[in-house]
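Sharing a structure with you now.
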C-alpha cells in the first residue's frame, strides 16, 4: 500500500504573498482510490492550498508531483487538463443554466457539420442526467431543470458527477458539506465514497471532523499554513482530532479559556 | 505635510496615490491646453464664468450621483427630474400665479419623492439600479409631458420671478457668474462633510465595497441607499429650479444631457463605477475638467465638435489611469502591511 | 395548468404578457382597431430599427456586459455611407463597406478595452459614445461643411436596404426577422450560445472551462457596434440623406426592450425570442398610442410602468423556473 506512487504529491511547498507566508513546508500525498481529509480552522490556509493544487497559485518553493513526475501548472486550465478537478462549496457556478447546459460548458457535444454544427442539447441532457443518476441521485431526471433549483446536496452531486464524467483523477472537494443539513450531507458523503470506489484520488477539505471520519482514509491537519498532524484512519479519536484543529490546545483548555474570558 | 519635509519624492508618491491625483493632473493639462489656444479671453473672466457656470449646473447633480456611484448605484432619472422640477415651478408659480416659494417647494418635493421611489425600488425589489432608474426616468418624463400638456397646453411654460428669488437662484454676478456657482460650492462643502468628516462617509464607501458585510456591520444599508437617492433627486430638482428662474421658462425636453454628463464628471473625477472608493474633491475636479473642455473649445478656435472627442478621450484616459492608480494604491498597501 | 406553468418558466414569458397587456389596454381604453393597427407599418418599422440594435445588445447583456456606444454608431453608420457615397460620389458599396468597417473598428475598441481593463463596460462605452459623437460631428462639418448630407443609392441597394414594401413597410423589417432567427439559432442551438450563458453566469469559471471569454466578448461588442451602423446605413439609403443627430434615444430604448424581454441585467439568463417580444412591446407602446384616443404624451409613462412591471414579472418567473421540480407519475409536486 505504501509503495504505491501517489497520484498527486506536494513536497515541502511554501506559498507567500509578498512578505506574508501563507503555506509553510506543506507535504501531502494522495493515492488513487483514497480519500485524504484536509482539516483546518478558518484562516489556516486551506483555500490557498486548494488554489495551489488547482493551478491558480504557483508555489513559491517546493515541488508538486503527479504520478511521481514533477509538474508545474501553467494555470487552472492546465491543472484541469491533467485531471485535477475542484468542486466548490456551492457546487455549480451557473445557477441560471440548465443541468444539461452547465454540465457541458466548454465541451458541448455537437451534431451536424460546418456552419450548421449544432449544440446537441438532447444528448447533453441525457448524458448529464445519466451521469448523476449513476451516483444514485435518481431525483434528477430532467436535464432542462435549472441548476439553481437543485438542493445543495444535489448540486454537489452534479458537480462531482461532472468531474468524474470528464475523466478527473484527483477530485478536490472544498467544504462540500459545510452548508448542508444532516441528510443532504450524508448524500454527499455517500457520493464521495462512490467516487473513491471508482478509483479517484479525493482531497476532502472540511472543518467538520464527523464528516471527515466518515469517509477519510488519511488525514492531515493544517494550522497556520503548516501541517500540524498527519495520520491514517483509526490512529486518532475524534476528540484528539478536534483538539488538534483547535491549534494543539485540548478541548478542556479551550473551555477553561472561554470561561476565564467571560 | 511631514512628507514634504522628509523628501520630495515621498510627498509626490503619496500625492500620486490619492484618488484625486489623476483628475487633478487631467485638470491641469486640459486648462493649460485651452489657455494656450484660448488666450486672454479664456484666462480672463469671460472664460472663467463660462466654464464655471456650466460646471455649477452639472456639478450640483454630479456630487450626489458620485456618492451613489461610490455606494455602487446609478441614478439615470436625474435627467427627467430636472425638467419635471422646472415645469413644476413654472406651472405652479407661472401658469397658476401662486407664490414662488410654493412652486420651489413643490419642485424640490417632486425631486425628493422621485428619489424616494428610486430608493424603494432599488432596496425593496432587487431590480438593478440602472434599470429601476431608467424606469422612473421614463415614468417621470411621461408624467411631466402629460401633465404639462394637460394643464398648460404647450411644452414650454413661462414664469417671471420676483427680484428676490431671481437674485437667490437665477442672477449672474457682474452679468457673468451665475449664483448657481455659489450653490455648487455649498453643495460641495456639505457633501464633503458628509463623505469625509461624518461617519456616513465610511458607511457609503462600505456600501459600495460590500453591501452584505456593510449590513452585517450594522449599517442601515436600506435607509442609507434611499437617502442617497433622495439627495440626488433633490439636487436634480434644485438645478431645475435655478434653470427655470434664470431663463424664465421651462422646457419639457431639457435635462437628458445631464444623465451622461454627470456620470462622466464623476468618472473623470476618479470614482470607480464598481463602488467603494472616491472623493468629493475628485468629483469637483472632474466636473471642472469636463466644463473646461466643454466651454474652452469655444474659445480655442477649434471645431466645437472636437470637444466631444476630447471628453471621450479624457474619460477613457481617466478610467485607464484609475485602473493604474488603483492597482498602485493596492500594491502600495500590500507592501506596507 | 402544467402548460401554463411551463410557459411561465420561459425567460420570454413576461415580454409576451407585457405585449398582451399593452394591446389589451390600448383596445379597452384607447379604442384601437386591431385590424387597422396590425396592417400599419409605423410600429413595425420602429420595432425593426430598434430590434436590430436590441438583439446584439441583449446578447451582450446575457454575457454580462453592456454597450451604450450604439447611440453614436447609428448616425456614424449613416454619415459614413452618405459622406463617402453621397458627398464624394464613390460607389454605394464603398460607403456601405466603410460604415460596417467602422462598426467593426469601434466594436474592437470597446471589446479590447473591456477585456484588458477592469473598467465596467458601461463606462468604457460611454467614453466611445461621446468620442464617436464628436468624430461624426466634426467629420461631417470638416469634410462637407454641413450637418446633413444627401446620398443617392442605386436601385439594387434601395431594393435590398432601403425600399418601402407596399408603400409603408421598410425592407429593414426583413433583415430584422432574419437576424432574429439567426441570433436565436446561435444562442439556443450552438455551443457559442452556451458559452454566452456561461460567461454571463460566471466569467471566471467559464474561462477555466476552456471558453475563450476574451475573444467572445470582443466578438459580441463588434456585433453590436456593427449592427448599429448597419441600421444607420439602411436609414441613409432609405431616406436618401443622413443626419448627425439621432440615435441617442436608441440607447435607453434598446436597454428597455432587452430588459422587458426577460434578460437579466447581471447576465446569464434570457432569450432571443424575449428580446424580440420586448422590442415589439416597446414599439407598440410608442407607436400604437397614435392609434388610440389617449394623448400621445403619456406613452413614456406607459414605457416606465411596463418596464417596472415586466422586471417584477421576470423576477418572479425566474424564481418559478428555479423552484421547478418535474412531476413524477402521480406524486404531488414537493417544493
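A, B and C are the chain letters, set down in written order, and residue numbers restart from 1 in every chain.
One rule holds for everything that comes next: contacts are C-beta pairs under 8 Å (C-beta built on N, C-alpha and C of every residue); 3 or more make two chains touch, one makes a residue touch a chain.
Predicted, not measured: the structure shown is a model, and the values here were computed from it.
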Centroid-based (C-alpha) most distant chain relative to chain C: A
Chain pair, most C-beta pairs within the contact cut-off: B-C
Chain A and chain C, separation of their C-alpha mean positions in angstrom: 43
Centroid distance [mean C-alpha coordinates] between chain C and chain B, Å: 29
Rounded Å distance, chain A centre to chain B centre (Cα mean): 49
Where chain A touches two or more other chains, by residue: none
Sites on chain C touched by chain B in the complex: 113, 117-120, 122-124, 126-135, 137-138, 141-142, 248, 252, 255-256, 259, 265-266, 295, 297-305, 307-308, 311-312, 315
Complex contact set, residues of chain B against chain C: 76, 121, 125-128, 130-132, 134-143, 145-146, 148-150, 256, 260, 263-264, 267, 272-274, 303, 305-313, 315-316, 319-320, 322-323, 326
Residues on chain A engaged by chain C in the complex (per definition of touch): 76-77, 80, 93-97, 101-102, 104-108, 110, 117-119, 121, 141-142, 145-146, 148-149
In the complex with chain A, residue positions of chain C that touch it: 189-191, 193-195, 197-198, 201-202, 205-211, 264, 268-269, 318, 321-326, 328
